[in-house]
């Protein structure tokens, strides 16, 4: 059977540091406890996680596609839609072939960094294979976990394309995406989300205690090893409920790198390039909001009060951020804009992603407000100051709000601020208790995760972009860019009225 | 812990009138029964209510925004979208700060009319706080109830803007909305939906019986008081399953008042003002239909056969109304129109809202047919006769269909017509039985509720509009109106093809 | 109480052939076993099936409407939207009046072919009436089954209109649809999906065994009769999890017949008729994908590992088909198109429909790939070769992919290929076991079902089209067609920018 | 015959059309144009990007009339299109050498 | 050189363009216009509101040709644009004083 | 006064407008047209259907200027609209007999 989970460490970091770096080849192999007891799935969990999966697809198609598409000039509308839609389809296929395995299987010697190939083509799974959640004794079908996670793998690379929209060759982009998910995304997912699950932890903790009592050092070491056979960032104790680092910071920095490597659009700064349809952008933004509930609340992997809290937080943070951007822009630029309102909402959604299951509704509302204002300043003042052409503000919204959210999570998790507190699955094996909150440790773990992601994804993406640029060439000809990618690359026109 | 519920009275009205007006400060304070037994939530209920919440957001964004937006001229498209989107965000923030508390907490001396401030910032709630449903012993997390009700608070003021679309100042509208939800919506919600919940009623009814038996008049009075510590219209015995009065009649009359106070659009009657995109209106209408299932069936607060019935009724009434409008218009105007078809569907959705959990599928289908035809006549003949400029027929559709539905509910609830019957939580404490149906009483309670809502909301809204008009000014300049609100107020253009 | 189910035979075909043709009037009347035990519904099942129902509506409105609408010229946009929207509303009304009864009630002497009228206006149903699923002892409210199946009845005729879009009289179309669902769809649904349900089968199988043992031939024959009191194709042992034959092949062939009877569009081949908005088509296609999960996974009638598998298969097949079409078109025509990508996705969705609950995720991915390539060739080379004007490729996508899927199901169900295997409810009454897979029998049953559907629907539709053409006239005047159906037939314009 | 080209404010179209019809104009062509002139445009802001739009939406009328009618038409245009505010527009008159009605083949004034 | 302005029914565009190409026309400009004339418009109804639309969608062609070609072009237009039904459109001819091809700087007939 | 009609490549509009403003042009009309000429169009494919589109999107400028300014304007157009690639467009000059500013009633050069 397989155990795995989503979201940052759920044990006290203190404990883990003891084990850091210990390899654990065999750890996941033997899990007798679970092998015996027959596992049943709750129909409510299946219903909820099925819906969550559907919602994440909805936020990508048509959600993200329209949010981005509406912001480009009509001559490039279809290129954006085609990019997003084809990325979803292609990554889904890759996910079944080897992606899931690289992200969510034991990686052997490389386990800290990436999974193995044992689950290629979903090998060894059937209707009854369970996947662990975050509650002791609660499981969902692994097929469901595979599918839910698949939607995350599909949307992340799609987020990147906004940074260099209107000026990338389709063929080059597809090659880039295939390389990027393989070399950047799957490892990131493994490093942040791969762990043994609550029951597995309980079993090992019990074994550890017994061994220590019996003075059996060998057994004790084995148990310790098993307890740290998780992804690298997971072991660092980074909290990421729904993918702030893996999805948003990761895609955001890759986007920035991409737009710098590819360069500005022809005529950028000289010709005017207004969004061709803010209506489409609004529809997309609204669907992002709607679908994001599946993204965040679904990341709880079961339907209970925690998924409800994650949903409520997603709601309050988004509302707060939208209002904040609207008012701040009104004050700064003199007019409240729809685009600002919608962008603010997205910034709030991004910021609350890592915090959704950890913070309280009011804390997350403030997190959203901060994200709204900071991202506004970033997408206007800062961006113009640096003068890079991040067409759709992938960096300014996803990366910046992602960082705000990641670090904010370290603060808002504090029960003193209405947070859920840092979980401890080990002190009392079999039950989940809350460990003491230590500001410094909590925030530092978040900062480390952010820095790691920026470096790993930033550098990795740069190398991949360069290789693709050399081999295929990332950029179409100037004439192609002027004519528009729709006709030149896809032989279609978005609107024929 | 907190007890509260949604939708009209679920006890025989006969019983309640005895208690009318009795204050009940302490009633909700002590609920020992529940304090002891540990409350668990059903995962199926959590899944369903989470989905319902998401659906109501979907019907507002992008649903309602597009339904309205498609009907205005393109130069005002963004203004409508911005209004709806920002109302959702702003009201959501207010809801967390004090809105929920004003609607769903004990109001002390004012309890018949409005709640108190004890739950500002969701004070005192955590993951385990339960909220009562309509079944004895069934609870959902209060966080979930907060969120579900939040979406109702968000969409109601958004419905109003259609009445004076294309001619209102954004700043003035926002101020109006803040005042309106505070002074009209939250009290209305409290008056119709605030009650003690089934178990609380059972406990008090038992106490009452015991006290009476023991001849302890003090205790008896206390119990009686507790039983009537509900909202005013709730005590009247008005039936409103999902918000016919609170949402639709309330918003509909406010819209009419607004369009009268603000006046007609420049050029109304002279220049032609066709909808700029019936495609958007169709998308919006379809999403309203889709999302409305969450609105109506979700109002059951749990996933059971009643939520299924509410959904089926929502389906049949909508289909009936759409067909009715289509055919009636075809007969009257010579052509079957898409706008008529979609508007008919919305009229059916509105009409079935209060009836959804009370009527039978066939009865609701006929309710829809009636609503379709009557609203058609209203939006064409009647409106033109009076000559007011209710731009998007908020009154003609929401208020009129709301009234038809509210009164129809009093009829269709009759078990003789396949209705669910009027519930009685008291005669047999702990179990829900059906009281005898008395046509006169049932319908009169509905009529009273309708009249009250029309007066309360109509007069209240008028005052608020006037104040805002004097202080800020509701209407932009004629030139602004000619140029279009998008450029003038938001500095954006909807389409740049 | 009522028992019925969805999707092809779930017993070994071997067994059934013994009983073929035996009438069974009384069989469904007496079901003592179930009458006694009180039936409860699982809230997770209710939540999931409610969501599935909503999703199927979403895939029709606005999904299918936009997918089709975007492909026509703007002057005909509203006509398509009106056709799809009104078909949904009208068929929903018919469904309640007599449609459900014709599809899902005992048809007496005609039971092999069509149901009876005993359930007109949902006669005899209430909140507690159960409907069987495919698991022994698992039931959902019949109201829920009525509603879920209603959405299937609504979308199927709507699929047809794409074949002769831009050139059909609205009045004629509506009459056609009413006749078509009555004479073609309801009988087809009955023939494929009407059966006794698992518990009913168990009861009869037990009775049969007992009777045989006791040598009571009369009782034995009665039991045998009861076991074969199912729809014709069900008894043939055709597997159709979610409607490949009933919905897609059925609509696809009807569409082809329709476009041949009506003839080509004025100017077809001479004037250029590009899609007026591929953006709308993309939105529609994405919503089809999203909603199809309800269509396929919902067809499992409960939330369990099988519904999860159906969902995963729906995902992998769609992704596979989209990628396949994209790459094949890129290779064949030199450019990867958005329309190809989206059409490929739809082809995959159609192909996996009958297989979704039977195949494995990898098998279905390949099924999708095959469907993507074959349909591409069909919509381009083959169609142009024959030169018929199937405006929106209803035949090329729905019928062809439907056939590929139907036959593919017979292959992929093989446990050897990771399939679920052919179920046997009878050998071990009360529990579901897998019968041995025999390639020839399995595939032949599918082929028979396909051929039957092509003939039954093809010939039947032809007759109906001809009658409507003679009585009303299917086609508008050339001038009307030139002006566009929107203005001429509906008095509206889709866009006024 | 003369070709009269007029640029007017969009919301004036109906009024102008009626005025022309009443004085006997039998046909014309209307097109939407972007006008540049003394009337200033507006500014649009999308996140960071500010765009100054110098063009104002206008309606262009083109009609060919017999020489005899020119003055009447110009007057009608001048009076009905006028709001007195900047941006009211212009009227230009050009000479037309031939005219033909496709349907009938009529030429000259008869074609109008 | 002459400027030939033609108004035709939209669905005739391709046919007309081909006809002109075959007789040697090397270039032209096409724009969508709303036409007002004898051909009556239509009525639109949106809920309560009824709008009479007097304009009919038309295509306007503008092409400058050497004097020598004018008659051929007008004939070609007259014959191909014709359906015989009301609303077929018009052809107008105006004099052009100068022409210039931007790319090469050629002027006069060479610019066409 | 002369009417100058220019067809240019869309992305040149802003540049051209500025050039004209600097040499004193006070107003003009811009419209989007589909151009047919030597510059070849493109092909669109939708599933089975292939459409050859012969038209290229162009911008048409119309401005009336005093006779004195004509040459300057034509030169400005010729130089700024030029890319040297096929499809740069044309400039035509026609005579204008009258001009009127609706707002003020000014006529002739004053109206421009």
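A, B, C, D, E and F label the chains in the order they appear, each numbered from 1.
Simple rule for what comes next: contacts are C-beta pairs under 8 Å (C-beta built on N, C-alpha and C of every residue); 3 or more make two chains touch, one makes a residue touch a chain.
Since we're looking at a predicted model, the values are computed, not measured.
Traced through touching neighbours, the fewest hops from chain A to chain E number 2. Two copies of one sequence, chain E and chain F, touch each other mainly through non-matching residues, since under half of the numbers at the interface are common to both. Contact tally for C-E versus C-F: the pair with more C-beta pairs in contact is C-F. Each chain gets a centre from the mean of its Cα atoms; for chain A and chain C, those two points are 36 Å apart.
With each centre defined as the average position of its C-alpha atoms, the distance from chain A to chain F rounds to 51 Å.
Chain geometry summary: the mean Cα position of chain B and that of chain F are 56 Å apart.
Touching two or more other chains at once are residues 31, 44-46, 94-95 of chain F.
Under the contact definition stated at the top, the residues of chain A that touch 2 or more other chains are 42-45, 47-48, 51, 272, 274-275, 283, 333, 335, 337, 339, 491-493, 495, 497. Contacting chain pairs in the structure are A-B, A-C, A-D, A-F, B-C, B-D, B-E, C-E, C-F, D-E, D-F, E-F. The part of chain E that touches chain C in the complex is made up of residues 11, 14, 42-46. On the side of chain C, the complex with chain A involves touching residues 42-45, 47-48, 51, 55, 73-74, 274-279, 282-283, 286-287, 289-290, 293, 297, 302-309, 311-312, 315-316, 318-320, 322-323, 326, 333-339, 341-342, 345, 361-362, 365, 420, 495, 497. The touching residues of chain C, when paired with chain E in their complex, are 267, 270-272, 482-483, 487, 491-493.
Those residues of chain C that touch chain B in the shared complex are 41-48, 50-51, 53-54, 57-58, 61-62, 65-66, 69, 77-78, 81-82, 85-86, 88-90, 92-93, 96, 121-122, 127-128, 141, 143-144, 146-147, 150, 170, 280, 283, 489-497. Every residue of chain D that touches chain E in the complex is listed here, in rising order: 1, 3, 17, 26-31, 62, 64, 94-103, 105, 111-112.
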